Structures are given as structure tokens and as C-alpha cells.
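Note that subunit A is present in both complexes that follow, paired respectively with subunit B and with subunit C.
Right after this comes the complex of A and B.
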């Protein structure tokens, strides 16, 4: 009887957990292994050392993609956090219609990046979007053509990214603002601190653990961004808005160079780890400190 | 009594925040208005404008007769594909994640921390690392270009999120409650059924909403592993904008965008509180 009852338990608990965790280990090892093989259209055995890596790193495509990631990553993360912070502080002022406003700032998160990218590609298209509207209204010299400008096109992705993600930053910051102890605020007010000093000296410094969490999540979003670019610029004009995630896809499925694609994927993973590992270590140190205190 | 300066300040704050709120609504309003305008009207003016003639027929056409990549059956089959992928994958991954999270949090077993660490690493592992392995696995299982293949992928990968959410929630269940039930002779599933599940609705709603919106909105796997009539709606939207690049059909395209975005938006509208809780649960981990 007892033996029989163990069977479904085993199936329901262990099989999904083993498949889920095994998949992560096996797939990571698999792709990493492929990155050292001469695979092109099909996976093939053999060992070419770091050749795939050196040739990926030498392509113009990858260099532009990585530069773009630095621009997009820093622009997107900094401006999204700033926007989220401004929204959170404003909403924190006992605003009329707070719930409606919160829903408005968060709804872009429910929409797919494909939809966001498509809609913003229309708004930012100089021939039919904001520029056209302003021109038609009479200001004929008005220019807003980042979408077709090689140097500025990457910023259109930043704009759409901020619109989509700042609500997330706002929600977390607002939760942080609301959990600041009332005594702390009262003490500062008794000391004669005005609203500006109250925020910059007393309230915002308590937010920094949340800020780091938001920073890490936004950074990993930036590194993994794919759909948004695909829908908004398609990587163009030319390859001006190429990102590493698109280069991986390009190598694997457009050019049939699986080995190089895998190498690019591993480079993407390493970039991600460069962000996540320090954060994980920092979290551990924090937890240990809290346990000792 | 407030001083005039303070009153002015409060007005300024209200104007600023409501102004921003309206700005955030602009893309939605623009696309909804465009979905009701004709192609000629949009071409003559711009994407931003009020419909002169309300073209409700855009929706009928885009739903059932519009041509996407040589197939003239509208967006309907792709919406059904997305539903056929999203609904089973959401339910199965949530159910398995609840049991797995319960096992990890309340029944300590050998290696549980390792397994949990690995499963949650899946939250961060980029899709690009899994594209080739999934391609080969799908081929070997004979599931290339099938809805079932996407269901499998999203179920397995979704387990990372669902297990994480449920485990963190169940950690708060007092151990004494478990012990008492265990002494009374209740087994693994009995305790789950009688004690854990009745406490679970909040986290299950959060998990279902999270999984539903993410799987519905997913694009990369959809476009990589399916083609033509098997594609989910996100991939079809991209195919559609490529197809209309020659002859602009922005009214119809806007209608397609609105239809494709509607299910997750409705989920958000009705489950907003839980949607936000999912965001923070995923973040503060």
C-alpha cells in the first residue's frame, strides 16, 4: 500500500523538477559545447577551440551590436529608473485618482514587446507619426526622425522601452516609499526639513536596496531585448540598431552558422552573468550580515 | 488652512502627474482610433487623428478575411493558436509548480536546495542558449511546427517561475501546522489538498496571470519553432507588418494589434492587483 502511494508522488514531484532543472543544465552545456564545434547548418562533432568566438567578436555586426547594447542598456536603465522614481514620488503625494494613475502607468507591462514596437514604429515614423502631425499642424520645419537616423535610431528603442518598463520601476519604488517609517519622516519634519530635503536626505536613501534590485532586473531585460527591436526597427536602418540577441538569431537561423551562433549566445550569457553574479554575491553577503546582526 | 503657495504646489503636482498619465495613454488611444479609420484617411493625414468615418469593418476584415503571408483567413487562426498554446501551458505549469513549490518548501529532501537553485536559474537563462537544443528536441520528438511543441516548451520553462512563486509563498506556512497534520497521519497529497491548497488562491492567481501574459506575449519561440498557419499571434503580427510594407494598410494593422493585445490587457484589467503582486514577487526574491 505504502509502496503504491509513493509512485504518483514521485511522478508529480520529481519528474517535473528533474526535467526543469535538467533542461537548464543540459541545454546550457549543449549550446556551450556547440560553440566549440565547426557546426554550420547542422550540429557536427569536432573541436575548433575558440575560433567561433574570435570570428564572432571580429564581425562588424557584433561590434555594432555590443556598442548598441552599451548605449541602449545605460540609456534605458537610467532613464527608466529616473522616470519610475519621478512617477512614484509624484503619486506618493496623496494624489486624487491614485489607483487610476497606477493602472495607467502599469498597463504597458501587460502588452507584448511586439505590440509596443509596432505601435511606436508608427508614432516615430517621420512620414506618418508625430513629425507628420506637427508638420500638418503648421510647424513645417519640425523634425523628429530618429527612426531613420542611423545615429539616433537606437534611442527610439530606449523611448519605447521606457514607456513599457517605467511602470514596473514606479510600482517597486512606490512600495518602498510607502514602507518608510512614519517616525523617521516626522523627526525630519520637526527638524525643519522641507519636502526636497525630506526626499533627498531622508526618504530616498532608504530606497537603495530596491533601486539595486530594479537596476539588475532592468539590466537583464536590456541584455535580453529582442522582440522590441524586431518590431520597432528590425535592427535597422541597415544594422544601426542591431543588438547581441539579434546577432545570435541571425547567425543561427539566417546564415546557418550554428557554431558561431552558439558562441554569440554564450557571450550573451556571460554578459548577463557579469550583471547577475555580483548581485547574487551581494545578496548573500547581505543575508549573512542580517543573520549575524 | 493651507497657504496659497501650498495649494498652488498641489495643483502643479496634480497637473504634472495627470499630464504624464495622459501621455502614457497616447499609444493606446492612437492605435484604437486608427483601428477605426480607413487606409486612405490615415495616408492623407497621419497616424494620429480622429476618425471621420468610423470603419468598424476593419475588425471584421482583420478577424476573418485579411491576408497574412498568402493565407487569407484573417488573424483568427493565429489567435486560436495563441490560446491553444497559452491556456494549457499556463494551467499545467501552474499546477506542477504549486506541487513542486510545496514539496521544496515544506518537505525537505536531499538536494532540495540544489534543485531549487537550478530551477530558478531558468528565470535568468537567456532564450538564445536554448534555441538550438529545443530545435533538436522538437525534431527528435516529431513536434517541429506544432502547437503541442510550444505547449511543452512553455510548460517546462514556465516551471522555473511557477515553482519560484509558489515556493516563496509556501515558505510562510508555519511548520507547526505541517507537523500537526503529519502526526495525524496525513500524507503528502492529503496535506497539499487539505491544508496547502485552501491557502493558495492568492498565489495561484498571481501565477496564472503571470504565465498567461508572458506566454501570450512571447515571440521568439513562436517565430523560431513554428511557421505559416501554426504561428502564434505575436509572430503573425510581424509577418503582417512585413506583408503590408508595400501597400500600407494601417487601419487594418491597427485593428490586428488591438485584437492581439486584448487578452492580456483584459487579464490585467480584471486582475491588476495580482498582476502587480507578481511583478514584485518576481523582483524582490
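Right after this comes the complex of A and C.
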């Protein structure tokens, strides 16, 4: 190392940062511009106003995708947080083998959504997964075919998503639980609070900043989910599990309608902003309040 | 009637003994301070009394009832913590009533209790606030309010003043003492600050290495320390302890001879440790005690002076041994020169050099 010439720090930080943020800004701007052009297979000039948006919003595809996003988003976020919280509270009881359990629950996070999706697609496939296993064990009437059920298929994505992300929620909640002052718990014990009251009145209320952080991270994960659905159901059966990100892909690269795809992408971005902007504002208000206190 | 009795209490963490046979008998209305350096086991002892930790062996008796297996909430105790431990999501009012809420005390009764405590501690205007909106002193008051509202048999304080700044600490010290005098509660108070112990306690238990070194009233602890550790731990600056010898009824340190107390008779010709408080070494014109007895005059070289304003701490060589004295601030002492001092020999202590226990 001694022979190596030192690289100035600003190069290490600023160059990648500029390239990365340049990419984001340039491609966002380009996509936004595309969404106002009549581009089909290739980007073309011209201005069509909001025509791409109106036609995207009018498609059944988009409507289903957006309804699915509402179901998947709320189901995934709420249930992942609940599962994570329950796991964290259980592990917080200073149980034996805590480290092993923590690793097991965290492991799915290390697996990419594509792998999660593929594995769960095997497990949930009635012909080779859980249903077949139970049938082969002798319970031949058992049916578990959500994957091929139009109404239930979206919930298979919720289940796989929970499996993947609840360990992450657990890790953050556990860190929060562990940072609760020991004296606070002692005081509650002396006050006579049972376990339920101890958690609901004393410990969990101190956790809500972490809850909001987890909520925002999970929400934005939900909104931009693509690979999980792609690998698990491919948007099917039919278009029953279509999500907005799949619609974008569909318009752009399957149907050769770049303009409409871009419009759908911008709509997706706006949905994300609807989550992230309030969070950013809230963070700022919090920081200001902390500075004043 | 004893409010709290501790019998032969041991606490071990694995092979490490943290408490090694504690015996205490605390009377109703006593203000007992457990004092000792960090790691002496005083906080563990308090937690065991509260039921937050379990004893390895021994008995804890509160108000005539063995409570070893009784949950903290049923021990009729209240505790004030060093970090205050106020519930951050609750208002001051909710903090104070949470214990009653857990016990399903009816609402009108709760309100009445809050009003009483808030008046007593003068925190009425704060009842609607959250802990984050309070100053350190106010949080301290609320924490005490939460304890007082219980009206328990026993109050436990775990270093409650150590997070306050110096000025506020002195104020709260007086307030807690007044509060004790007013409500006559039984208090067990843990601190590492020997001044807090001396000023507030009616009884002090000095702890060291998991054992109670001495359990007595402050005056006895200060004037008749049971051993060298207590002698040097209590008092600031600490008691001087120097090697000495008993010869013909006198305590001999180098060329300094002090009259030995009668109890030292059996130690004629043997080595002892002489303990003498810094305030017993003063300027030569000083007269000691109510009778105004003049001290024993010695000449000693001055090594260092530390003026504190109210007095000057001086390091001198008494019979060749380095000791601290306290002289009036207007006395001019030259470092390096020899000066005259008066010694008050009425209150000297003698310790056995082997066991370090008080002889006389």
C-alpha cells in the first residue's frame, strides 16, 4: 500500500455519487419526457399531452394491477410488520439459541426475490408442492391451489413476501426492543404491569419511530415489487396477479408501446413519492422539534 | 417493629460472589443509606430487596413477611431510579397513576391520589406534560411522585441524584430529607456519594466487596469507623491513616507523640495504624470542641497547600508521614518551610495493622 499513490477522497465519494445521481435524474427525466411522446418501438419526438396517461389508466390491465397493489401492499406491509413484531418480542424473552433463531429468520433476506419466487412457486404448485405432499401422505381430499386460483393467487405473493421480509422487520424491531432502558422495565414491574400491559403501554410506544421506518421501507418495497411476481406467478393466472411494475414492463418490452410504458412508470413513481414525501417531511419536522427541545 | 430485615443474604453470579452474607435490620421510619464504591454490590442488594433480582440464599423480610418468592408489585415497595425511568409515551399524570391503573384502582381514587402527590411535590402545572418536556429536576420530582403515590411500606432509591448537576443535587438532597421528615417513610437509599450518605441518613451501611463493613448512625460511622476502609471512604478529604506505635501510653509517629486512648492499653509496645481526620490537624491557635481545648502543638514541614476558599487543605509531614490538615484560609503557609500545627487528639482512632479493625 505504501507504494500506491493516495487517491484524493473527493474522487472516491463525489465521482460515484455524481454518476449515480446523474443516472437517476437523467433517466427519470427521459422517462417522463417519453411519457408525453407518441413513442412505440423506438423513442420518437412529438408531443401528445396526457394521451398516454389517459389510455394507460383506461386499460383493464392497469386497473387490475393497481387493485392488486392495494391488496398486496396492505397485506404484505401489515402482516410482515406483525410477524416481525411477534418474532422480535418472542426472541426478546432471552430465549436459548437466540442467535441461531435470529439468523434463521434473517436468512430469507439474503435470498433474492427471484429465488424466493421460484421456490415458492414449486411449493405452492398443486402438482408438486405442499398439496401433493399432503395428498401423498394419504389425505387425498386436501386442496391448496391458491397459485392457480384467480382470486387467491395474489395472496401467494403476499405469503412469499412475508417470508422474505419479516426477518428484516424482526431485526429492526429487536434492536428497538433491546434499546429500551432496563430501568423502564423494572419500574413497570414494580408498578405491577403484566406482560401484555408492559408491551402495549410501556415498550411498544417507544418503538414507533422504528415502526414508521419499517413501514416506509416495506411500502416502497411493495410498490416496486417486480421480480417476486415475475418468478412466482408471472402475473397469472391470466392477469390476476398483475402489478404496476409488470404493466410497465409489459407495455415497454412486450407490446412495444414505449410512450404508454413510460406513462405507467411515471404513475408508479408518483405512487412512490406519495409514500416517501410525507416521510421525508415528517423526518424533517422531527429533526426540527428535536433541535428546539 | 422492623420494616425490613435481611438475613444472611448471598448473591452469586456463577462462581463470583457479589453479596457475601448481608445482615441488616432496618426500623420503621429509618432513612438507611447504602453507600460504597462502584461494584460493592449495593445496587444488587437494592434490586434484590425490590424483587427485580433473586437472592442465591438468605431471607428478605418486609414488614414481618418473608418476600423472597413474592413478585415486586406485591412487596409493598416503590422505587426511584437513577435514570428516573419515566414512561416516555405517557404524560406526567399517567406516569403517576400507571401503578394504580395496573391494580384497577377506580378513577376518582386515582385522581385524588395524583392531586395529593402533585400538591406535595409542587408539580401540579406539569401533570399534562410528557417527560421529554421536563427538566432534569422536574423529572426527578415526577419519579418521586410516582413512588409517593403508592404510599408503600418501603421506599427504595437507586442513586436518584447522580444525574443532576451539582447545584440541583444539593437542593434535591435537602428536599428528600425534608420529605422524609414530613411523611416519616422508611427509605433505603443507594449512593456512592458519601456526602449524600452523611447528610441524609439516619443509618448508614457502608458496603465494600459484597459485605457490610459497618452499619451505624452517621456520627458513629464518621467518628468511630469500624475499620480502615470505612475510615478512608467516609469523609472528604479522607481520614489520614499512618503507621504508628504505642509506647508508654502514647501514640508515637516519628517525633510526634499523642496521648493514647485508654482502650489501647493492651497494645503497649506494638504497631498500630493511627487514624486522624484532617480537621483535627489545624493552625496552632485553633481551640477544639465546646470546651475550647487547645491542641497538641507540633512542628511539621509543609509540602503543598490547596486553598478552597472556606479553608485551606494542607499536605504536611507529621513525624515523617504524609498527612492532610485543614487550616483557616487566612493562615499563610510557605511550601517547603516548617510551620506549627495544633492536633486534636481527642478523636483519634487506632486500627489493628493486621485485620485493619478499630482497636480504640
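Everything that follows uses one rule, which is that the second predicted complex is superposed on the first by the 276 of 293 C-alpha atoms of A that agree within 3 Å, B and C clash if a C-alpha of one lies under 4 Å from a C-alpha of the other, contacts with A are read in each partner's own complex, and residues count from 1 in each chain.
Assume contacts are C-beta pairs under 8 Å (C-beta built on N, C-alpha and C of every residue); 3 or more make two chains touch, one makes a residue touch a chain.
Computed from a predicted model, the values in this text were never measured in an experiment.
Undergrad: Once chain A of both complexes is superposed, is A:201 in touch with subunit B (first), subunit C (second), both, or neither?
TA: second
Undergrad: Once the two complexes are aligned on chain A, which partner has more residues of subunit A within touching range, subunit B or subunit C?
TA: Looking at subunit B versus subunit C, the one contacting more residues of subunit A is B.
Undergrad: Which partner chains sit in contact with A:172 here, subunit B, subunit C, both or neither? Use first/second/both/neither.
TA: Once the two structures are laid over each other on A, A:172 reaches subunit B alone.
Undergrad: State whether A:104 touches subunit B only (first), subunit C only (second), both chains, or neither.
TA: first
Undergrad: Looking at the overlay, does A:227 come into contact with subunit B only (first), subunit C only (second), both, or neither?
TA: So A:227 only meets subunit B here.
Undergrad: With the two structures laid over each other on chain A, which partner does A:211 touch: subunit B (first), subunit C (second), both, or neither?
TA: Neither partner.
Undergrad: Once the structures are superposed on A, label A:266 by its partner contacts, choosing first (subunit B), second (subunit C), both or neither.
TA: Touch status of A:266: first partner only.
Undergrad: Just subunit B (first), just subunit C (second), both, or neither: which does A:57 touch?
TA: Neither partner.
Undergrad: If I apply the document's touch criterion, which positions on subunit A are contacted by subunit B in one structure and by subunit C in the other?
TA: none
Undergrad: Using the touch definition from the top, list the residues of subunit B that touch subunit A in their complex.
TA: 10, 13-14, 16-18, 20-21, 24-28, 30-31, 34, 42-43, 45-49, 96, 99-100, 103-104, 115, 118-119, 121-122, 124-134, 136, 156-157, 159-160, 163, 187-189, 213, 216-220, 224, 234, 237-238, 241, 250, 253, 257, 260-261, 264-265, 267-269, 272, 275-276, 279-280, 283-284
Undergrad: Could you list, by residue number, the parts of subunit A that touch subunit C in their complex?
TA: By the definition above, subunit A touches subunit C via 181, 183-184, 186-194, 197, 201-202, 205-206, 293.
Undergrad: Quick check on the complex: what are the subunit A residues that touch subunit B?
TA: Within the complex, subunit A touches subunit B at residues 5, 8-9, 12-13, 16-21, 23-28, 30-31, 34, 43, 87, 90-91, 93, 95-97, 100-116, 118-120, 122-123, 125, 128-130, 132-133, 136, 163, 167-168, 171-172, 175, 213-214, 217, 220, 223-224, 226-227, 230-231, 245, 248-249, 252-253, 258, 261-262, 264-266, 268-269, 272, 276.
Undergrad: Touching residues of subunit C toward subunit A in the complex: what are they?
TA: 47, 50-52, 71-74, 77-79, 81-85, 87-90, 98-99, 102-103, 132-133, 146
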